[in-house]
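Taking it in order: structure first as structure tokens, then the write-up.
Residue numbering begins at 1 within each chain, and the chains themselves are lettered A, B and C in the order written.
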């Protein structure tokens, strides 16, 4: 069997804090994405999901320390020089940013910015040729009248159109992997659906592997086949979307699911998980989730749970089996 | 930005922070010059207008910066020069703040036609390149250090008028002012007791920053021949002398370095303070 | 933004009228009798000469009369006659304007390039030694009196090292290129006079550097601040995510955006350059408006002083206005709002 498209093994990322102390933003993360697969990475802000993705791109600030392994098609990326990484960024991996308002350079036309992405990696492509390709890419992401749109500046685009342009830019060199970091968060709900539909089409037609980073389980539900849930810099649950949604094993996942609006019902107040994630510098011992967990026992405070297979999913919770058996999680109402 | 907030926050929380290297460095230079200016008659070996030795002597053991075309000691003249530059600058800034501040406060407080007239005057004055206006005024009044000072006040007052007007306009909206008006305080009393005390701090900061520029402009006017008249050991005047004999570099070197150091001192001070006041640039 | 520019355009003539009025009044209320500088001290005792001169120069009329006459003449481009050169002031200024413009443009060019480079380096290596050196260099430039630093560079590079020519616009033995634009560089090129062009260019180096240094600080501080601002934007990260190299990110993406706020202070630096040009021209025997202004002020040549002051004020006002317009043209966001509202 060939190597997976993206394989992250035991990745940890440490930053230096204000007073020189080490802050571990990401701890021992494993993640596997196959070609043509859409994998969801779900977590609240500060869970380490964006840091993990920036680590894949080699775009962390110079002070960050990496350990573990990131392989793209079997090739190790950790330890590559910036010059080597530059040949991968934008060529093998495309990156889609959260806010299309700020991810486009306001002073360059959209066409120029896409053409730039092409010419950085294929200097032999002529200027006019690159512009033609840029127009084709805008057509690919379903922007109407792409010839005219290519000559316009970002501020002349609506939010959804900008995000399409950002996706076109990420797709410029037909990468094998797209990393979409909260691609729909800044957009209106109806536009969100269109962007997700576009990503799905790119996956299907172009066979591109996609990592969809989001805090919104609902977004993943419609698009992804498999997902990883992150909390406090760790993966706490991983499995196929169907399995996880049907029977979440981790109390955190269950909480996230419970906070989803139920199909068909109009809720004024969502069931939210009490409390908020701890800041990096104050992560508790044991299971990081225990201060917010209704089912925490003494063991959770002391011993950090390892990821293990429970039923169809992989989960990091000491009480994964009993919590399901005692039927505490009959909450998975959201339809996949 | 409100004055009171800046000042109070600045005093308590930031005191160690704004004592940065540039601020300390600039402060020391300025302080040194002030000390020299005050004490120099007590320890000087030569009178600045006295002929101390041969003409055009390059720097040597008895005349560290050499002597000028008349045989006067350049170092002594340079050190005495600060007794003209700093008091003039202080006087100019003081008068400009007083006049500009008063007019700006009246414009902001009274409003209406008075405001329009004063502010149009400000606009017109600020439409001139500073040195040209100063030259024209000095030429009209007749050359001399006093007239140059008047010219510089005319150049600088509009800056403080604008600042003060903006301050008054923002402070006027505060609750305690409205309370005072409601309590029946007279208008002059409201202005002097309730508004003005809160307006000063940004003006003082700005005045500190402008000091260097005033020293530079005063020296420039003297250099052109519109400021200090010959026997006076004024820096611009001395450089003008040195320019006639610029192959003898030392004649202009003393006053040149003096101007550079004192303006640099004020600029360091101002630059450091601005960094501290404007978080964007830090 | 558009309405702002329109407002500025409307205010322009009014401000200009204010400038003219102030400049005119200044010489009217002069302490020294301008006649002294016209006919000389000795002739002041000769009533016939005094009376004739008074009438000839219109000094016998009332203030409003003289003001209206001056305004009327100004409209036709007549600024009166210089007491000193006995030439029409407007003509004197026209002849000298190109020299000043050539110097100021060269200084602006050098100052901006150096300022931008320093600012970019300072932002890129923020708080490091390069940042501090750039800051010191900029502050010294803003603090050094040009009338001394000019002398110093003349002494070092011309007298001691002999690398560059001394004062003046062109080699004293050379003939000035035939007048077309008044810019010696351009005229020498038009005449195909390469030796002359070289000489003119070399003569420009020292004064333009000294003068340009004064604005290096303003430009570099501004570029540094806006570069730091821009570098933290997401589109910079996006450019790196495309695989763009560090230089491309810094220049193509960051600097372009950082130049926008920098444009706004170019008008401000122009004020510095006018101030500096007056003094620099005096040091370098540069036959421009600055040295003319100094000579006029020294000689109490009132028509010339008023003329120079008006021209300087106009240049000042126009440069500030141009800065605003340039800002509107460069930023596509502003351009759009213009199209929409017009």
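In this section, a residue touches a chain if its C-beta (ideal position, glycine included) is under 8 Å from a C-beta of that chain, and two chains touch if they have at least 3 such contacts.
Quantities reported herein were computed from a predicted structural model and do not represent experimental measurements.
J.: Please indicate the chain closest to the centre of the assembly, with centres calculated from CA atoms only.
T.: Taking the mean of C-alpha atoms per chain, the most central one is C.
J.: For the chain pairs A-C and B-C, which is connected through the larger number of C-beta pairs in contact?
T.: Most C-beta pairs in contact, of the two: B-C.
J.: What whole-Å value do you get for the distance between chain A and chain C if each is reduced to the mean of its CA atoms?
T.: For chain A versus chain C, the centre distance works out to 55 Å.
J.: Using mean CA coordinates as chain centres, what's the chain B-chain C distance in Å?
T.: Taking the average C-alpha coordinate of chain B and of chain C, the gap between them is 23 Å.
J.: Note which residues of chain B are touching chain C in the complex, please.
T.: 22, 120, 123-125, 127-133, 135-142, 212, 216, 219-220, 223-226, 236, 239-240, 242-243, 246-247, 249, 252-253, 255-256, 259-260, 263-264, 267-268, 271, 280-281
J.: For a test of understanding, state which residues of chain C touch chain A in their complex under the given definition.
T.: 233-235, 237-246, 248, 252-253, 256-257, 260, 331-333, 336
J.: For the complex, which residues does chain C have touching chain B?
T.: 11, 15-16, 18-19, 21-23, 26-27, 29-32, 135, 139-140, 142-145, 147-149, 151-152, 154-155, 159, 221, 224-225, 228-229, 271, 274-275, 278-279, 282-283, 293-294, 296-298, 300, 302, 305-306, 308-309, 312-313, 315-317
J.: What part of chain A is in contact with chain C in the complex they form?
T.: 57, 59, 82, 86-91, 94-95, 97, 99, 102-108, 116-117, 120-121, 153, 155-156, 166, 169-170, 172
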